């Protein structure tokens, strides 16, 4: 049965206030350009304000001051919140109750007899649970998931289809791994060169603490020795590469296609934007923010806000810029030389 | 039985003309440096012209004017076409008939009883078809594929091994998803920061229209609300990231490892080269072309041709350039100051 | 039973020498900040030297000259090696014996009757071995692996969970494919534009020679015609894209998230750092080294050492640099013009 709430109830739930009619009943959240009667929507970006005049939603979540009064807007009501984005998230959570699972182990799954499954675990067909693995209560294992030998998984985790967690890795409670994530693949380590190159065994593990969410097809390599750590509350997007022995500090956020090379350490609350590259053996301080496509070749102090991405320009103009860029040192010298000659003239 | 055609038949098939002997029989397409008697080849790139003198193929597909006559080339024949690349593709299609499948549902697949399978569907072992899913006629589902609850898949699609299509997403007819593709994973959305960060449920879906092809291990996230759209005829390469609520317009082409952040919209016939990054909430106009590794931080008009990639330079010279680059504003000021001083001298 | 060796035995094994007590017994390798009595560790990076005073390991592997004598370090012993990294790798291999497998074919695997399995092959549950595939002796096939029709796999390979090897591709001996790797997906090839765009069938294969290791979720596309080649001894990291008809020469090393476009050829012992992008139809000479995030738009001579990555800078300063970068040609002209005017003054 779908959820229904009055606008006042929603305002109470998120600690906001109603501008308009608090008694109207809301049963759904919808995008601003699709919302209809009985639905609440959200101004997620200022540029969507243009949709407001034509909006047929019964209510809109807004920031304080955005709407002075409801005059001339008889058909629409507002839920004003000091943090409208959080209000939106909480209301959407209300209308999207958690999926229901069978809390049963499929006969078509392969579960080793030495594995230890908690209460209310759901194991879908074609999943594989290895010897001595432990799966905490309420955890959901989708089809095609591989849980290796002696892996430990906490309670209330969700491993989406075709996730791989290799031997001995450990996941805390409430960890979500999206489809195709690989945890505990070998770190990329070799000694020597050419014919003589030999593999450095990757004998460590990956530890993922509680409340971590990792996006589709992201890879997290096991440590050479010791552990690769994804600390509590970290959120990682799709197609990210986390190399061996990396530590990602609590509540850090890493956007899609970023990569962190071996043994680098991110502090707490670090933000890496999309396609960022971090070299090996460096530290990024607490709260640092790195812009899209940036390269990070050395350690970064706490709180730094860095960028390195280049905005694309018209191709023909860019060709000229690119031809001149390598000659920047020559240009520099020309300017220094000019400065001397002009100083000589003025002497 | 392998296909055999005379060179004249091939020329008719692609609307080209024969220079040489149209009666020779062709039974295969081969690369220019490997082709032999009975085989046709193709000058795919001008730099391969050097292979022509030693080429043992019976025929070569060429552009008009490339070969004036067959004089002095008695052993080789030409198929001249106004679009030799399309002629090559059509001839190769002729010699590569579509793979044959069992049109049967494997006993080792898991198909929920409420799922609806069309005529002639092939379901390989270890595939999973969820409740109320619909699979259109002639579609092929390889091993390890996950089709979630209420997913709708059109006719004549191919889902290669270990593809994941999550709940409620929709695929049109003739969609090909290569191995490891993930459709409908959660978009990367959170509100708040640190300990207070909460997940924004990703309640929308992904809609993939007809004739789309998506490369291996690419990820397409479901919308927060509404839908992420891959419009008809779009071709996406491997390891691409498409974030929540993105719209990719008809017939656009996206090369490997490119990424598009949330809610951005590509028009029709847009081309993104490899490793391009597009920020969130922008528009790329119809027919725009973006060069490799470019960053796109703002909207792009229709038809624009942009680049932002930097050609690698010798490491030691590049270090000098990189040291000077952040000082570009200082250099600029030095030049402006010099201009004033020189103007003063000349006054 | 775990391995135990005296320090002298370890020194003999790697051709190093003992500084201290060669009779002590070592049973494990551990990270320098975690190692304890009975364990050997390794100074993997000079910056970890600070851990040495507090190190409780029984022995440390070091480079020559790093430790002059054992004076004042009574509790710790050293294994000095001319190549300490190789010594570390060999000792770690000694303490990490190869995993043991069942050498049996699971009843829950799907193996076509026409497939040919060598002696001592291990096939885990839910693997799929297609018609006429050949799997060499001692090879291990994990759950969820797909081996397509007529695929040939050599001896002593390991295909980790959910690897996909499509039809007719060939792997040599001792190839390791990490979880989620896709071998032989279609190359990204189309002819024509818009509505008229047609697919170029990808009729070739992928050939992977012996002693290759490929990282998690990496993709290697099959050739249009002929073959994509990964030559012997090549090591590829996670999330790398290798396009159709690429050739990667012997013993080359490719770091995470790099991409190589169609038909490009890498020589022997080439090194690509992380997130490098290589355009199509070029050659990279033997022994060339390309730095992180570099773009390679044209062929590179043997032995070249190139870089193109940009170090991130403070965001506000970077904005100014980025605003000026497109005006580099104008700056150049201003300097040239100044030079002329100053020369005129001095005439």
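Labels A, B and C are assigned to the chains in the order they are written; within every chain, residues are numbered from 1.
Throughout what follows, a residue touches a chain if its C-beta (ideal position, glycine included) is under 8 Å from a C-beta of that chain, and two chains touch if they have at least 3 such contacts.
As the structure is a computational prediction, the values presented were derived from the model and not from experiment.
A.B. asks: Going only through chains that touch each other, how many steps at minimum separate chain B from chain C?
C.D. replies: The fewest steps needed to get from chain B to chain C is 1.
A.B. asks: Are the two sides of the chain A and chain B contact the same residues or different ones, given that same means over half of the numbers occur on both copies?
C.D. replies: Result for this pair: different.
A.B. asks: Roughly how far is chain A from chain B, centre to centre by C-alpha average, rounded to an integer in Å?
C.D. replies: Here chain A and chain B have centroids separated by 25 Å.
A.B. asks: Where in chain B do residues touch two or more other chains at once?
C.D. replies: 126, 144, 162, 180, 217, 239, 257, 275, 293, 310-311, 313, 318, 325, 328, 331, 335, 338, 342, 345
A.B. asks: Spell out the part of chain A that touches chain C in their complex, as residue ranges.
C.D. replies: Answer in residue numbers: 110, 126, 128, 144, 146, 162, 164, 166, 180, 182, 185-186, 188-201, 203, 217, 219, 221, 224-226, 239, 241, 243, 257, 259, 261, 263, 275, 277, 279, 281, 289-291, 293-298, 300, 304-308, 310-311, 313, 317-318, 320-321, 324-325, 331, 334-335, 338, 341-342, 345.
A.B. asks: Over in the complex, which chain A residues touch chain B? Could you list them?
C.D. replies: Answer in residue numbers: 29-31, 34, 45, 47, 83, 85-86, 88-90, 92-93, 95-96, 106, 108, 124-126, 142-144, 160-162, 176, 178-180, 213, 215-217, 233, 235, 237-239, 251, 253, 255-257, 268-269, 274-275, 292-293, 309-316, 318-319, 322, 325-326, 328-329, 331-332, 335, 338-339, 342, 345-346.
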